[in-house]
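Pasting the structures in now, so scroll down.
Here come two complexes built around chain A, the first alongside chain B, the second alongside chain C.
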Partner chain A sequence: MAGGQGGRSQLMKRAGPLALAAPATLGLLVFFIAPLAAFAVYSFLTGALYDVKAPLTFENYTEAAGSDLNRQLGRNSLVVGALSALIAVVFALPIAYWLRYAAGRWRALVLFLIVASFLASYLVRIYAWRSILGGNGLINRGLTELGLIDQPLDFLLYNRFAVIIALVHIYLPYVVLVLYAGLAPLQPSYLETAQDLGAGWVQRWRRVILPLVAAPAASALLFVFVLSAADYVTPQFLGGTNGALLGVQVQVSFVGTGDYAAGAAISFAMLAGFLVCYALIALGLRLTRLDRVRFAA
Partner chain B sequence: MSGGWERYIREYNTRRQFLRRAGFVTMAVGAGPTLLAACGSDDDEPAETTASGPAKAPKASGRIDYLSWEGYDIPDPLKAWKADNEVTVKATYIANHDEIQAKLKASGGAGGYDIITYYQGYKPLYQELDIIEPLDEQKLPNLKNLFPYFASKEGSFWIDPDGTRTGVPWTWGSIGITIDKRRVKSMPTSWYDLLEPEFKGRVTLPDDPVGSFTLAAHVLGFDPSETSKADGKKVFDLLSQVIAQSNGIAPTFGDATTKMTSGDADICWQGWAAMNQFAADAGVKTFATAVPKEGSFSFCDAYALPKGADNVDSSLSWMNESLDPKVNAEAATVLVGGVTVEDGVKNLPANVASLYKYEDLDSLLERSPFYNNPPVESDEFVTFEEVQTGWQEVKADAPS
Partner chain C sequence: MSATRRSPVTGAVTLLGVVFLWAPLLLVVLFSLHSTGSLTFPFQGFSLRWYEEIFSSPQVRLAAQNSLIVATSSALITLLLGTLAAYGLARSSSRLRGPLALLFFLPITLPGLFIGIALLVAFSRVQVTLSLVTVTVAHLVYVFPFFFLIARSALERLDPALEEAASDLGANRWTVFRRVTIPQVWPILVGAACLAFALSFDEFVITFFVIGPDSTLPLFIWSSLRRTVDPSINAISSLLLLFTLILFMVTFALATWGERRRRGRGLAEDPLALTPVPVAKGAA
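After this line comes the complex of A and B, so read on.
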């Protein structure tokens, strides 16, 4: 009897996590993997008007790769995504550090404000930057009032600079939270110990803090890179005449021209590009052994 | 605060997207007698009688599933009709016209939509996709109220050559050059004026590939639905020059208005009289719109019955109601557009009535015709897909 109960208990132990994971797994299969698989198939079919048909072909990929326009938009995506991600991480790191070790009683309030910033709509943030950077915006008006300029500074808006500023602003809170969580296991006493052992602030950052946050920083970097590179709304509002990114071609294919096969192929080409970036970052972490850095509690 | 912003943005997106579907079929001149051209303008005149008896609107009931632009469900103008018939509307709003065919094709007719709208240039595409149903004119007595032009078969926009009706035109408009008089002192008389050095970096234009192509083709003297591949290069060359004058493409027509009201642009290629009103709503009453000497193009939207509609009578009753002179005028007022119903004009407020010269519609439409979209497939003419791709290319090649 006791053996039976023990067996059941063991079974429960094994089955428990599976049962808990089952709904999410099922949801992922039905709502994510299955549509993705369907579009993978679409990408190898022949495009018809708002439809796909036989025969199977690799032409969608060769056309996507051979298109000058796609390559140009792909380069735009790469530049905007990489710069936005790098700047967001560089800005977020000191904020996360301050929150973890120096914010004191301000910590809860600042964390609340960071989370609350998610409530602001995406479009509102974009328009807010318009009102800051525009010809009659806050900066230009302020500088004019101060007598520092006669004409508005045109380079502030409708270019990549404005796009990257807005994307960094949009994704910075996510990155701060990820890095803050990455620093959480590192107790202040460890930094004090390093200091007692003669490590200056540069050494403490280089040998203690950065190795510890390398993995979460890489995750945040990829997160911002993927979302920024695939964004096609912000560049349209702030990016000037040639600010489009590759994502717009996916939208045009699916909705505008009804060429599902071409749209699917561009989507999977982008996905492949993102996976390559992921693999490169993972490889970099492994080669530098930063992927193994753990902080024992 | 953010709610206010969102409402502001939403409203602009809605109203102006109207324009982006502006379209495309050559208006045949001198069309023959129409089914409904004899319609009187007198409300007391009896409904047209056919061999099947007098036309009569069906009784509406239940829920109508609507798929189109926000605002095109004209909630306020139809308020009394919905209350009288105890009808409810479940609306699905779109962000651009192409979403309609995309959703209808994706659902395979099983989407449950009862009523859609289409911009006249999309008629051939919708027929090719087989996503709209013929309409029973016996259930649309208010068709008699239409202006002769909108009641006619011209262009086959709403009536096929064999007399089959596919749409009920209920709102329309023309485009032009829109300026902010605070910074542009005199209205340009030609589209080419926008290429002058004084407007460098001060032009805005909406991200509307087909609309911009249609306008540029018209300016160069081509029919956008039959523009040869060689002439297509000239059209895109003109668009390149326009884009080079701008400081960015506005993603929506509303955004183009916002750029002008905020002082980031002074003049709009593919502007629209309604932008004057949108700007006035935002407190800027210095917008003006005019059609230059080369003319422009017009757009008209029609209600239609999608395949798979399961509340057909209610949809037909809705379409019929939209042609009531008061309802039609109220819709035009809300949307800052044109009426398709002759008696609707007298119900318009002065600022909306003055948008278009109803007393000489033929001349207006001759100067700014309704066009068809570029063809889906053609070895001879620039196709719809080539317009989309070409537009992205000229944008990408523009100087930053």
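After this line comes the complex of A and C, so read on.
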């Protein structure tokens, strides 16, 4: 401020407008990158109760990988994450199509409903599904009242199925929006042309629509997979033993057992797994050349 | 507009999707008005007793107050830092643009679990006591990318000729920013700050690790969920839903208005201006 108007604009000219991004950059370096780095270092230190100490070691990783419980939870995370992501994408595709090509005057309203539901509280959704699926919940009590069952159906809650339903419920709006945005460049007239040239609906989907949304769909798939596999709240309330996920184990290491080193090792093993998934998806898109599909607007 | 295609099958799936998304939420609202504590049908009459219960609870009031403080601070700080960062990046041609844009986007790609624990580790290393301040810092990391993506795309879609004309006429950079840039985009920026507020207000996954002894509304709901089936959760949840919905409508209205002012058409033609969908481009 000392230099007044002239001094300030002089400084601006030298640093360029990018200087305006300095406070945010500093903030994210201090409160995001540095903490992650510290967290990563923890995974290579020797564990102590609610702390870590020297010497450096790779043992946390070998121990984490050797544990039967971790392996089981890892498999659960993989299955639950993959199924939630697949179901969400398959469910979202027709919705995105309808919004883009068939919605007409309903488009704004339905889009509004979908985006608004995305902002609905995460915990409220989990709670809602627990009230619906529980032994004393809506479905069981309803079926009992109707005389269809005399024992509550216990396969509804505390398993993978319940976790997957809740996760699809949480992420479906996001996937719809991503796919809808992916369809934006594909003008309705292209579909009409395809139709005029004799393409049935199977061919239109297979040769026109799906290649275009393959890249956005893959990114949505990955996003839902990662967030689902690392979820620690949904499985706690809906998952039981069969639906417990690796994220719960990480949370417990930090707030329950105090085994920071083990928790950090599991976390970074998970992150490495996510990176592998990302690489596989990127490679898959590249090999099939689906990452290059473009439509002129 | 070209002809709308007929597609009964995808229409049916969409209807199913909307019901699937909203039915569970509306059930919570319905049972928040139930006169008995039961969460099942048959419905035995309406009552506001659960709302009376939460309004008279000092714990709920304190939690709501904390949530408001944290969400307001996060939204305002994000509005300031995010606008500066987005403007800086949108008007720069430096080679650092790419890496910085990546840094500003990165927190979205990481599950909250890892952000929360990394901050917990860092705070305990430098012996910062956990409080609402640490929660606000954590929320800033979480909401910043959403705000940044929206703000940057709004700023990049501006017609550069207007800013150039102003500066040719002798306005300095600050005047251009204040009198030409901001008047074109402020509704979208304020809308994005409302989104940041809503995200922060509802954040649980990260908050859980960095909150210490305080409580926020999501934390209160979480602890009630752990205890038993407490029918007053329905009432808190419903108010939370209503609050987010109002906030979202304000956001939507601001963005629609902002777009109309800017180029004479509304969000109905471009409803994605306000959703951080560029996530798709960054993630794969």
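The definition used in the following text is that the second predicted complex is superposed on the first by the 248 of 297 C-alpha atoms of A that agree within 3 Å, B and C clash if a C-alpha of one lies under 4 Å from a C-alpha of the other, contacts with A are read in each partner's own complex, and residues count from 1 in each chain.
Please note the rule applied: a residue touches a chain if its C-beta (ideal position, glycine included) is under 8 Å from a C-beta of that chain, and two chains touch if they have at least 3 such contacts.
It should be emphasised that the depicted structure is a prediction, and the values quoted were computed from it without experimental measurement.
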First, second, both or neither for A:131, with chain B first and chain C second: both
Which superposed partner A:241 touches (first chain B, second chain C, both, neither): first
Partner chain(s) touched by A:255 [first = chain B, second = chain C, both, neither]: both
Contacts of A:210 with chain B and chain C, given as first, second, both or neither: neither
Touching partner for A:233 - first (chain B), second (chain C), both, neither: both
Chain A residues touched - chain C or chain B, whichever exceeds: C
Contacts of A:49 with chain B and chain C, given as first, second, both or neither: first
Touching partner for A:104 - first (chain B), second (chain C), both, neither: second
Touching partner for A:154 - first (chain B), second (chain C), both, neither: first
First (chain B), second (chain C), both or neither touched by A:121: both
Shared chain A surface residues [contacts with chain B and with chain C]: 119-121, 123-124, 127, 130-131, 136, 233, 237, 254-255
Chain C residues touching chain A - in the complex, by the definition given at the top: 2-7, 9-11, 13-14, 17-18, 20-22, 24-25, 27-28, 31, 39-42, 81-82, 84-85, 87-89, 91-92, 94, 96-97, 100, 103-104, 106-107, 109-111, 113-115, 117-122, 125, 137-138, 140-141, 144, 148, 172-174, 198-199, 202, 204-205, 208-209, 218, 221-222, 225, 229, 233, 237, 240-241, 244-245, 247-248, 252, 267-268, 271-272, 275, 277, 279-281, 283-284
Footprint of chain A on chain B - complex, ascending: 2, 5-6, 9, 96, 98-99, 101-102, 105-106, 128-129, 201, 207, 209, 243-244, 246-249, 251, 255, 258, 262-264, 376, 384-385, 388-389, 392-393, 395-400
Chain A to chain B touching residues, read off their complex: 49-51, 68-69, 72-73, 76, 119-121, 123-124, 127, 130-131, 134-136, 154, 157-160, 233, 236-244, 248-249, 252, 254-259
Residues of chain A touching chain C in the complex: 5, 8-9, 12, 16-21, 23-25, 27-29, 31-36, 38-39, 42, 91-92, 94-95, 97-99, 101-104, 107-108, 110-117, 119-132, 136-138, 141-142, 145, 169, 172-173, 176-178, 180-182, 184, 187-189, 191, 215-216, 218-220, 222-223, 226-227, 230-233, 237, 247, 250-251, 254-255, 260, 263-264, 267, 271, 278, 281-282, 285, 291
